[in-house]
Amino acid sequence: MERFGFAISKGRQIDYDANSRHIAGYISEREPSFRVCIECGCCAATCTTGNFTSFSLRELHILLKRGENESVRENIKKCMLCGKCTLVCPRGVNTRNVVTLARQAFQKFPADAV
Amino acid sequence: MEKHVVVIGGGVAGMEAAGHLQKSGFRVSLFEKEEKPGGHLNDWYKLFPDRRRSSEVKEYLDKITSEDGIKIITGSIIDKIVSDKNQFRISDKDGKEYSADAVIIATGFDLFKSERKEEYGYGIYDNVITSADLEKMFRSGSIELADGRIPETVGIVHCVGSRDEKVGNLYCSKLCCVTAVKQAIEIREHLPSSKVFCFYMDMRMGGAYYEELYREAQEEWGVNFIRGKVSEVSEAINNKLVIKSEDTLAGKPLKMQVDMLVLMAGMEMSEGGLKLSESSGLNKGNNRFFSPADHHFGSNKSNIKGIFYAGTCTMPMNITETISHARAAVSDVIDYLKDSKA
Amino acid sequence: MKIDGKKAIWKDYQKEIAEDKFYYVRSCVRQNFFPGSETAFLRIMRDILKKDVFEHPCHTTCTGIGYHSDIVPVETTMTVVARQFALMTESGYENLMPSCITSFGLYTEILDTWHHFPEVEEKIRKQLRKATGREFKSPKNLAHASDVIYKFRKEISAKAKYKLVNKNTGEPLKVVDHIGCHYAKMFPSKGVGGAEYPYVLAGMVEEWGGQVIDYPERRHCCGFGFRQYLVQANRGFSIACSKEKFESMKPFKPDMIITNCPGCPMFLDRWQYVINEMEGKTYGADGEGIPVFTYEEVAGLMLGFDPWDLGLQMHQTDCEPVLEKIGIEYDPAAKYVINGVNTKTNAKAYLTVN
Amino acid sequence: MQFDPFIIPFNIGLYFIVIYAVVRSVSWFGDLSRPDKLRLQRGFFGKAFGQSIKEIFLESLIHRKILKSNPRLGYMHMSLAFGWFLLILFGTIEADVFGAHHLNAPYKAIFFKFFNPEHGRMGFEAAFSFLMDLILAFILSGLVLAIIKRFSSRVVGIKKTTKLRVLDKIALTSLWLIFPSRLLAESFTSGAYGTGSFLTGSLGSILASFLPAQEMAYPFWWLYSLSLGTFFILLPLTRYMHIPTELFLIFARNSGIKTGDQPGAFREIQIYSCSSCGICIDACQLNFSAGITNIQSAYLMKGIRNNENVSDIAFNCLMCGRCDQKCPVGIELTPLRMLSRRAGETVENEQSIWQKYFPGRQVMLPVKPVSDPSYSWLKQEEPAKTDVIYFAGCMTHLTPAIKNSMITILEASGVRYNFLDEKGGVCCGRPLMLAGQDREARELINHNSQLIWKSGAHTIVTSCPICYKVFKESYYLDVEVLHHSQFIKNLIEEGSLKLNFLHRKVTYHTPCDLGRGSGVYNEPKDVLRHVARLLKSDFEDENSLCCGGSLGNMKISSRQKSMIAHDVATELTKGNPDILATSCPLCKKTLSAATTTRVADISEIVADAIVRTAIKKKLNEPVRKVKVAVDFHN
């Protein structure tokens, strides 16, 4: 191969049709409140973990829904399940269960996370 | 002698105003450009937020306008209003003249012509349709693609022709968000195996039970909401529509294929209203709707004494607001004619 | 696809294109990229269409590349452009016809800026006067060279020897039309057919017998992007853009690509080679590339010009498959022969001879 | 020799169940950990033995606890258990006294009437027959109640009854048939011979008047024997296994064995001791406030026994501990549920009959897949040296009034303290534990432990019962752990805090993790009595309710939570208190949303009551007075 001194950049576009939303499906089937999130960011604002790291439940939430699983897989482990987010959520999303189910799903279906 | 009031426009506002004028003891002439009154109500299937049939509201309006003392003149386009010593001479396109003691303008709105958002390909791609086209499909009972197949994925684009400097409309049409949510639910109802995606800039759910409907759409109907306006639409080789937007909440551009794309056409000042404003010296705002004499306490009054506005010719309104606005216009007419008598 | 809908839009975007007496300004880079194109263009205009096309020997770059690479300040650019206008005025011409899309976009942008901010125009006039003592009149008509070919597409068709038709099947060739970004994306009303569904190249293709294909990424940039290409480390972006387009057009099985910009044919052509080298991917039929042409080259081919006179041997992606499909007569052996010397096998001899 | 073939089914059943019970007990004993084995041995020769006999009599036979909480249900259980016991006891005596020999085989007592049809005509014999008829009538009355309960559970005062499986149904039918078939068999025999007392005698003579009693009796003796035999053989596969298991459980518990945090034999004993009586269902707020009726402890026990996937049940629980308090058998239901949570998702497993009789240890708890460590982002900091650490807890940060009140109290008390999580701290770890993630929780516990240790504090005060419980139980720290209610009580007793009496009526809600979870019932109430008038509610101490906001439940919706909270708030505000007091930020937040009555943490009430000595001092300062006057003039 010729050496050109650069590589073809990989797009960062969400290819919705190519992504697998199995993990999101797993969660929303077991925790229907997962669907009613409006991405207001209350959870991320009050988050105990977010106080120390760049962890944002809101962001992980939307990435799961779009099937951008790979960026969620490691991050979701940072949550301490303290439950503050559940208390502040204006839509009553059972955020602790969402996190727990997501972790469960990533363990159960490691292939989907890629 | 019985005073004569002319109402221009036989939609919701015009019919409501006519009915109330008649109840208040006036002789009323109601002019409608189409063959039958009802306006946009005739094209709509069900109404938000409770999804009652629009025909029920139409029946109510028909009932109140079927009284003696209301003359409905259909197929008549009013061209000009001339004020002449407490009297108004109203002439139509064919030169016919009518006189009145007061006038209520209820020329309503036109749906934004979605062809103007070229990047969405309305009129070019087979399966790009508007909210009004979708209502027609609901009325006919079948939601189909151009080739007769049943759509599996449907995209809905909010704010088509609203909040868009590029088409000259800075304002929010107010009703498209809730219409999108209503239609998303209805699509899911008609086609239970379908997936629906709403592309929105903001969810403006400011009416009674709108937010609840939004939640219902998420919770019970699994409608997907993606924050980001669709920037372009194209057709893939499988005849599916490729849409691009940014998922602003994920902070990434997004590409997906849908079978059908529904454009939530916004509201614009009607063409008839625009002509009337020019020919008769009625003031318009920057948004091209009629500009009422006062935004807070004179929203029915025009810049010409004796001419009043009712409904969406002044701004986007829902049916509830339109009916209230029409009744308020009647109350202004009563005050005006009482004063002019004295 | 409803073609009527497109026609309705094309009707809305009809621009005025001068009839004759053109003042031609060249592109900086095209003479290196596709050296036959501008020559062929002048030959078509002057010899075939019998038009008056004037070229001033003192004209320069418009500075577009420098401007878009954040190297040249806008006022400098405007002053250089003002000098171009002055040369045109001095030569007695009013219809400006740039060869380059970026120049066309830049001229359009400058004229629009002056329209909205006359004080800027005044300032530029002053600066030009101070620097060169020249005065100028703004062009009466500004049309890109491809607009002009579009305008005379029927005349060319009438004199054409070939059509964009597969001679074996009788089917029209499937053509991807790629419009340079600076053509109409900034000022949709200044492009034939507007920005969303430009008609300038589509009109030529249709007139000359081909069929335009509408693929999802048709609006996408070729990837030139100035800064993206000019810095080696950023070239990954540039090539990714081209790749995105190829991936998107591939299912439509295009026979060829036609372009109207200096950079686009360069990148669409060369990146096919690079992608093949890097990833082993090709996008045309039978593992071949998709031949890429400038509109002048296509017009020349239709008129029966010799492919090697048009400079098609300078393309990285071989053009022969298209020549074969159309049935153009050409001498494969003469591909690299100039003045009797095969420049490919014997470059040294060629260089010493010249 | 008295023998008849019909006794064979009974004999097979009886010897089977006796041998089975011995084998199973030995195997449980063998599975106990070494310390537990020692405990059991010590218990056998110590006080525990006597206690156990007493408890077995009171609870397994008389069903005292059920009688107390639900007399009708208690009577039903008592009549069957105690009645049967008496029937066996007096039957054996009868056979011994009136039979041909002493020390008879059990069947001779059970089928005494068959072998001695002439018995009971007069005198002492007749009196004994009367007694036996009375006991039978006692049992039958309970049986009637049991049958009614099965078809309409409200009659015995229980709202929900557990659902049955096929084997349970067969066992239940055979159980139901035992006493009616005995009644009919004895009645026919009595009818034929003109013996029997008020029940069997009367029924016998009526039946004999129109039926051939002599011929009819024999099949019913067969039926009686068959029902007994079937019941005994099926018993290990059904919930009636609780009858023998309970004896073992009572003895093990009295010997001091606890559930702990590892699955083992004691867990299994407890699971088999559940009789599915359904009292836990009645106690459960998810049942009576939120309408969730399939997750209560009885269902969890049943699910585990049947090797079902119980993870949905295990995680759908407030972990309030109300059922633990109510369980008549004294099963440690909440710790057992924690064990199931730790196991994660279990897999449903069909078992062979053999496996059902001898469930191996391997099918009891699968091992959860291990996840990577998740808290590598934790950064250790250097805390300031201090005497007392105040750890508000995550939830307290959402109730700033509690936080501010605690600061006021701490400042007023004059102790040297450090507000450890002032800018937000790392979670205490209990929420993770409640989610069954102990290993992960340990990382947070270690982090916080190091912080506390480095600060050199001797006392840690927390406002959150959730934190309190985990600090107390799972942090291996050599510091005194206090909930703020205890801390405030100490301050009051030491005299460090001078409080006014507020003329307010207060009802106190005991938080689950503080009350049932940690046994702190009185300190908060003592503090409240010091500053206000404390009203009594219907739900005090062990019987207190859960606010519904518990972090223990991973499954319920916010709507269901608020249903619970509304019911609780309605109950607790019945006495029209001015303040509904609690001592947990989560309870406060949950209850505030459910009532218009002011909901306050005890720290807020105490902070309101603090005598502001500082302010008084300032008023006494003459310089200050002048300045105030000048300001006033301006």
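To keep things simple, chains are lettered A, B, C and D as they appear, and every chain counts its residues starting from 1.
The rule we apply is simple: a residue touches a chain if its C-beta (ideal position, glycine included) is under 8 Å from a C-beta of that chain, and two chains touch if they have at least 3 such contacts.
Since this is a predicted model, take the numbers as computed values, not measurements.
K.L.:
Taking the mean of all protein CA atoms as the centre, name the chain whose own CA mean is closest to it.
P.N.:
Closest to the centre of all protein C-alpha atoms: chain A.
K.L.:
Looking only at C-beta pairs that count as contacts, which pair of chains has more of them, A-C or A-D?
P.N.:
By number of C-beta pairs in contact, A-D is the larger.
K.L.:
Go ahead and note the Å separation of the Cα centroids belonging to chain C and chain D.
P.N.:
83
K.L.:
For chain A versus chain C, what separation do you get between their C-alpha means, in angstrom?
P.N.:
Inter-chain centre distance comes to 46 Å.
K.L.:
So how far apart, in whole Å, are chain A and chain D when each is placed at the average of its C-alpha atoms?
P.N.:
Those two chain centres are 38 Å apart.
K.L.:
How many angstrom lie between the CA centroids of chain A and chain B, rounded to a whole number?
P.N.:
Computed from C-alpha means, the inter-chain centre distance equals 39 Å.
K.L.:
Could you check chain A for residues that touch two or more other chains and list them?
P.N.:
33
K.L.:
Kindly provide every pair of chains that touch.
P.N.:
Between chains, contact exists in these pairs: A-B, A-C, A-D, B-C.
K.L.:
Spell out the residues on chain A that touch chain C in their complex, using ranges where they run on.
P.N.:
Within the complex, chain A contacts chain C at residues 1-2, 4-11.
K.L.:
Where on chain D is chain A touching in the complex?
P.N.:
Residue list for chain D touching chain A: 344-345, 369, 371-372, 374-375, 377-379, 394-395, 397-398, 423-427, 429, 431-432, 434-435, 437, 444, 549, 551, 554-559, 586, 589.
K.L.:
Spell out the part of chain B that touches chain C in their complex, as residue ranges.
P.N.:
Listed in rising order, the residues are 115, 118-119, 121-126, 232, 234-237, 242.
K.L.:
Along chain C, where are the residues that touch chain A in the complex?
P.N.:
232-237, 239-240, 243-244, 274-275, 277-279
K.L.:
Which chain A residues qualify as touching chain D in the complex?
P.N.:
Contact set of chain A toward chain D: 31, 33, 46, 48-49, 51-53, 77-84, 86-89, 92, 94, 96-97, 100, 103-104, 107.
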